[in-house]
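Below are two complexes that have chain A in common, paired first with chain B and then with chain C.
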Partner chain A sequence: MTNGWVDIKNTDMMLIMGGNPAENHPCGFKWAIEAKRNRNAKIISVDPRFTRTSSVADLFCQIRAGSDIAFLGGVINYAIENNRIAKDYLVNFTNAAFVVKNDFKLPGDTDGVFSGFDAGKHTYDRASWNYAAAGGAANAGAPGAPAPLPEKVDYDLTLQNPNCVFQLLKKHYSRYTPEMVERITGIPKDQFLKAAEMYTSIRKDGDMKMAGTIIYAVGWTQHSFGTQIIRTAAMLQLLLGNVGRAGGGVNALRGHSNIQGATDMAGLFDTLPGYLKVPTPGDASFDAWMKRATPTSSKPAPWDSWNYYGNTPKFTVSLLKAMYGDAATKQNGWAFDYLPKVDRDYSWTHLWDDMYNGTVKGMLAFGMNGVAIGPDSNKNIDALKKAEWLVVGEIYPDETSEFWKSPRVIAQGDMKQIQTTVYRLPCAGFAEKDGSFTNSARWLLWKNAAVPMPGDCRLDHGIVAQIFLKVRDLYKKDGGKFPDPIMNLTWNYSDRLNPPLAEVLKEMNGKALADLEDPATKQQIKAGQQLPGFAWLKDDGTTSCGIWIYAGSFTEAGNQTARRDPSDPSGMGVHPGWGWSWPANRRVLYNRASCDVDGKPWDPSRRQVWWNETTQKWVGNDVPDFKADSHPKDHMGPFIMNPEGVGRIFAPLGAFADGPFPEHYEPIESPIVNPLHAGQSTNPMVTRFKDADDKFGTTKDGFNVVCTTFRLTEHYHYWTKNNPMNVQLVPEPFIEMAAEMADEMGIRGGEHVKVSSARGEYIAKAMVTKRIKSMMIDGKKTYQIGIPFHWGYRGIAEDEGKTARNLVNSLTHTAADPNAHTPEFKGFLVKVEKV
Partner chain B sequence: MSQETLRIQKISGHAGTVAGEGTQREYTICKLIDTTTCIGCKACEVACMEWNDLPFGETIFGNTYQTMPETRWNYWNLILFNEHEREDGSLMWLMRKNQCMHCADPGCLAACPSDGAIVQYTNGIVDFQQANCIGCGYCITGCPFDIPKLNPQTKRVFKCTLCTDRVGEGLEPACIKSCPTGCLHFGSKDDMLDLAEKRAKQLRDHSNYPNAGVYDPKGVGGTSVVYVLHDAANPELYGGLPKDPHIPWSVKLWKGPLKWLGNVAMVGGLIGLFVHYLRFGPKDRDEEEMKAETKS
Partner chain C sequence: MNPTRRDFLKLTTVGGAAAAVFGFDLKPAYAQLRVLKIARANETRSTCPYCAVGCGTIIYTIGDRAKNVTAQVVHVEGDPDHPTNRGTLCPKGASLEQDILNDRRLLKPQVRRPGGTQWEDISWDDALNEIAARVKKTRDESFIEKDANGHTVNRTESIAWIGGCTDTNEFNYLVVKAMRALGVVHLENQARV
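Our next item is the complex of A and B:
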């Protein structure tokens, strides 16, 4: 989230799309209700089904799963056409005025792809996706390498230059007319116009006081163009001047209590902790890596840009010092050689594909049920059959640890051929261990163990620690090819076998390795002391820090994440003494944008930060996300993490694999051909696999119903099917379908139906409801169904034989988004039959 | 709220005077349920079960998100889910937390022939005393909201106590404490009605609900549980909330003009026994009852 849960209470308008917070985040949803009650805020719910969130919304639009960019692009078009945009914000705080290179072409002009597409290789040459340099200078780049962003960008503050970002944006989305939105999304034109009018009403007559927020979850990420959906939302928010504002922002609701923490700590293959870029085989040395990974500023000459990622070497050296201590020296490039060089995509679907094809031999599975969460559960089961070993740390017997007795394996009769050795280790549950959760709002909240672990349970991190120490012992005893990264890893915990998590957090926060002094304030930090924040990090080896964005979470003053001061002096839900949020205990990111160019709040009744002319400093109710002494007249951009200093309506160069502007592409399995460009119906950059299990269906094969998956309040993932209380609340799996569809097929509520995709089948009872309706998609009557995914082949109802013991994700496919590598769980094709 | 508010002002089947009768109810408590901000998350259902130590029961899929068709003797708090299409074609998914309404003029208490099986405290809570319950089921007939339920095994009737044990200690009922959206409120009746009216007005002025209003039915003397409804003109849409609930005429007759009859304890007892026999027959458990039983 750019903002946070509590901040939602400050909003005037909520667009909730690709998420169902009333269902999946009921506690956080209280702030949406508070905004309704106290500010008369409106909720617009856009979803394939009428949900619990829709039940308290002011307006509901039923959208076809996978057509979100068309909807949002339509709202952008509406806002521009009706002049409901934040003009000053747009000109000064975004790259709307930047001029783009002449040879850049939009998909409307190039048959559905952007300029630079190689149709044979399915790759983009992104050289044209760049700003024009001021004065027509050629962008200087290393020979052979693509030209970087120009240092001085050509710009036009009148926004009239036909090649400026704003004009390109206008042209690009002028194709997303209400009629086109209706054809693609299935939302009738008048309904869409109602939604567009309502959302953009916050900028009626150019007023800047009101703020609107966009709230989403995995209903947006799980598409073959998921990242671009979120980008469209971010662009809309920039266009309306909603980013950095209380009650505004682009707000991702995370699906687990600590999924944000996992992402921060580099749960993904292509980042290091704190979103630092991983080294690749092309990086010959530490310096070469840093040169590639550290951006330089790119902006109109009279403007200023802090370009905070210019500090990348400080964050990286401090990380390597935390990992390797004295073994990381300037001479050995801070142990650069110890780091693996990431040569390709190692994301989720690739790991399973590699196991399926025999290159991955084993798997440690903790905190997740890989077979159940899919996609394509059958492929995952087939992959595990080929593995040599599998370790599962869990609190219940789950589908993954028992993949070898899944109904499909039993039916195929090949259980005896499976040679995989499975180790199932009982692990502590969340209430049985301490540690911190990082919530969707980036707040780190410390918790204590509530109850002791039962029986022979172990801590997950204790198991990992003990495996590591055992491997190290083996290296010590037997030697090995390259023992240094293993032998030199710092491991200074008071309990080496079960590292206390408070000590791990201290390590993540970082400490001084030598006496330090801030030249400006003369403040001193002695060697060995905890760092107060990331501003102290050095690239000379005198600081260590496990994750730069968490610097400040565990200081000399103690564990900041354990603070529980509920006070909120500003009344704006900042609660500065409650837990600790990254970065620097700042609650709303980019909050300098809550002020106009002169540093005065857009809305004096919701003051976040402001420029204090007397002290010549940025001050406020929140921690300013800005250079504290940068005078407004210097025109430093509020988006300090971008080299431009401004928000990117146009995302240049390699920022996104599939284009600088989001374009609507059809889901990989779609009931229609893309009405915008039949020749390029789907995302040209999608990740696809070609194994025997990777099958795709079309309407020609009878797969003509759009299917999406979802969660219920009453259940938590694949856990609570083991808990009698949850099972009582919702006892069985079901399939939600339109009453009209059920009537046509002669299906009554409670009767069994079979849903099949090209990959698998799923049988459950029908929930016949008015909450889903048929839709007209490009002139074709189309049905949509939704299936909650909480069941499998182990659990109370399953073990009692009350379900068909199948997994929803045996229906889903492995095609994935080229940016975040998230598979397309939402919006695939199925056929539905009465059983 | 304190123990003081738990003085008894009405007693079922009681011959003679009641100490608290006619006491001005200075501390009348009230639960406010704003159905327009309820998201049907069922936290209140779970809190009710956990606080009152009610056992898990078996449920079956019923083509709805609703946990079970109606409240049970061991499930006192149930959110009712109803889909309703408005005239303009838009859909409403109405969620109403259903439980005892704690009527000021309780039909259950009026109907109950057993001395002390049902009492009403000065704070407004209507509470069943199972030790005195004879299982006749009159209260079930007397309730216009279909709330009290018989445990077929013990032949005792149960329902929501409004967490008398918590309220007596100055705490809010368990359901209120668990509500994540704050659609549930608890306080004095005056305060709750004030809050409810304000919310209803807000809905009328700022949302598309011109008929929003407060449900506090006069036919039962008002209730200690009041609702804010999007459409107060049609409470039936919310899972059959009666538009004008009142105590059944048979009960009124029994407790009104024929009250002298009830005062003759012997006769009352005999009739009670006779009617019990008529209603339930000899003490055999038929199949229906077996089915109604829930697994503990």
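Our next item is the complex of A and C:
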């Protein structure tokens, strides 16, 4: 979330789409209700099903799963056509005025792809996806390398230049007419126009006081173009001047208690902690890596850009000092060779495919039920059959640790042929260990252990520590391949076998390795002291910090994540003394954009930060997300993490794999051909695996029902199927289908139905409902069904024989978004039969 | 009017008469209904492990945390001080007590051997020694120091780590340290899916 849960109470308008917070984030949704009650805020709910969020909405639109870009693009078109845009914000705080290179072409002009597409290789040459340099200068770059962003960008503040970002945006989305939106999404034109009118009404007559928020969850991420859906939302918010404002922003409702923290911490192949870029084999040295990974500013000459990622070397050296201590020296490039180099996609679906094809031989799975999570659970089971070893750390028996006795394996009768050794280690539950979670609002909150572990359980992190130290002992004793990073990894915890997590958080926060002094304020920090924040980080080896964005979380003043001051002096839901939020305890990101160019709040009744002429500083109710002494007349951009300093309506160069503007592509399995361009129906940058288990269905094969998966209030993922009370509340799986569809098929509620995709089957009772209705998609009557995914083959109901012991994700496929690599769990094709 | 269980207890626990009438003493039960269970419990501030709202919870345990006492959870409720949830919990958070006290919990290390049809018990020492040996063997057999272009890559593509949604920040950090040090590149998390 750019904003936070409590901040939702400040909004005037909510577009809730790709998420159902009333059911899936119930205790956070109260703040949406507060906004409705106290500010007369409106809710627009756009969802394939009429959910409990929809039931309290002012307007509901039923959308076909996977058509969200068409809807949002249509709203952008409506906002531009009806002049409901934030003109000053757009010109000064976004790249709307930037001029794009002449050879850049839109998909409307080039058969559904952007310029530079190689149809044979399915790759893009992105050289044309760039700004034009001021004065017609060629963009300078190293010989042979693609040209970087120009230092001085050509721009037109009147927004009239036909190749400026705003004109390109206007042209691109002019194709997303209400009629086109209706054909693609199934939302009748008049309904769509109501939604577009309502959402953009906050900018009626150019008034800037009101703020609108967009709230989403995995209904947006789980598509073969998920990142681009979210980008469309971000662009709409920039166009309307909603980012950085109380009650505004782009708000991802993360699904789990510490998914935000896991993302921050880079438990992912392609990043290092704090969103630093991993090194590639092409980076010959630490310096070469930093040269590639550190952006330089790119902006109109008279403007200023802080380009905060210009500090990347400081963050990176400090990380390597935290990891390797004295073994990381300037001479060895801060232990650059110790880091594995990454130059291909090792993400989730590739990981399973690599196991399926024999490359991955061993896996450690901690609290991660990969078989049930899918996609394509059958493929994951088949992959595990080929692994040599699997280590599962869990608190309950799960599908992954028992893949070898899954119904699939039993049906195929090959249990005794499976050579995989599986270790299942009993771990600690949440109440049995301390540590911090980072919630969706970026708040780090410390929790305490309340009860001892039962039986012979051990702490999860202790188990990993014990395995690692045993591996290290083996290398010490027997030698082996490149032991240096293993031998030199810092592990100086007071209990090495069970590292106290508060000590780990201190390491993550970072400390001074030598005496430091701030030249401006003369403030001193002694060697060994905790750092107050990331502004102190150095690239000369005198600081260590495990994750730069968490610097400030555990200072000399103690564990900031354990703070419990509930007060809210401004009354705006900031709660600056409750826990600690990254970065720098800021609660609303980009909050400088809550003010006009002169540094005065757009809405004086909701003051977040502002320029104080007397002290010549940015001050406020929140921590300013800005250079504290940058005078407004210097025109520094509020989006300090971008080299441009401004928000990116056009995302240049390689920022996104599949285009600088989002374009509607059909899901990989779709009931229709893309009405915008039949020749390029799906996302051209999506790769599909070609193994025997990777099958795709079409309407020609009878797969003509759109299927989406969802979650219930009463259950959590694949966890609460072990909790008696939750199982009592919703004891059985079901398949939600339209009454009209059930009537046509002669199915009554409670009867068993079988859903099949090209990959697998799923049997459960029908829940016949009016919450889903048939839709007209491009003139074709189409049904959607929805399946909650909380059941499997191990659980209370499963073990009692009360379910078909099958997994919803045996239906889903492995094609993934080329940017975030998240698979397309939603909007695939199935057929439905009465059992 | 039918007496409730509580009335029944009140009526029948006058003096020691109940012991004589019923053959057992109801005094402890009577004492129990006069004092709320949580009145003598310890409060531990925690965070709900489910969705990303991160609701504050209070876990009530009996037992004074002395070395010879095992804390027993008696109740879990929403933390009224928490700015986000203000004391509320959803049906999942409200049932956390049954997650903490749950007879389906895994309690001992187990192994399924190649070709095996059931779980076998294994000691922690044996399990961890075997796992460490396998990690080392797989790493040594698969470690790539240089790629086809002669660039140093120092990675293994044969070991994967998949991490969960309820791992603390600190656990995630230790995992990233240990796995990157081993050269693991198949490093993924629920955050992806």
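Here, the second predicted complex is superposed on the first by the 835 of 835 C-alpha atoms of A that agree within 3 Å, B and C clash if a C-alpha of one lies under 4 Å from a C-alpha of the other, contacts with A are read in each partner's own complex, and residues count from 1 in each chain.
Keep in mind that, in the parts below, contacts are C-beta pairs under 8 Å (C-beta built on N, C-alpha and C of every residue); 3 or more make two chains touch, one makes a residue touch a chain.
Not measured: the values here are computed from a predicted model.
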Which of chain B and chain C A:Asn311 touches, first, second, both or neither: neither
First (chain B), second (chain C), both or neither touched by A:Pro724: both
Contacts of A:Ala449 with chain B and chain C, given as first, second, both or neither: second
Touched partner set for A:Gly749, first chain B, second chain C, both or neither: first
Which of chain B and chain C A:Val360 touches, first, second, both or neither: second
Partner chain(s) touched by A:Pro26 [first = chain B, second = chain C, both, neither]: both
Which superposed partner A:Glu714 touches (first chain B, second chain C, both, neither): both
Residue contacts with chain A in the superposition, chain B compared against chain C: C
Partner chain(s) touched by A:Tyr475 [first = chain B, second = chain C, both, neither]: second
Touching partner for A:Trp404 - first (chain B), second (chain C), both, neither: second
Common interface residues of chain A - those touching chain B in one complex and chain C in the other: 26-27, 30, 713-714, 724-725, 729
Residues of chain C touching chain A in the complex: 42, 44-56, 59, 61, 70-73, 78, 81-86, 88-96, 98-100, 102, 104-117, 119, 122, 124, 127-136, 138-140, 142-143, 145, 147, 149, 151-178, 180-193
Residues of chain A that touch chain B when the two form their complex: 22-23, 26-27, 29-30, 33-34, 36-37, 40, 50, 52-56, 58, 60, 713-714, 724-725, 728-732, 734, 749-750, 765-771
Residues of chain B defined as touching chain A within the complex: 36-43, 45-46, 49, 56-65, 67, 83, 85, 90-95, 180-183, 199, 202, 206-208
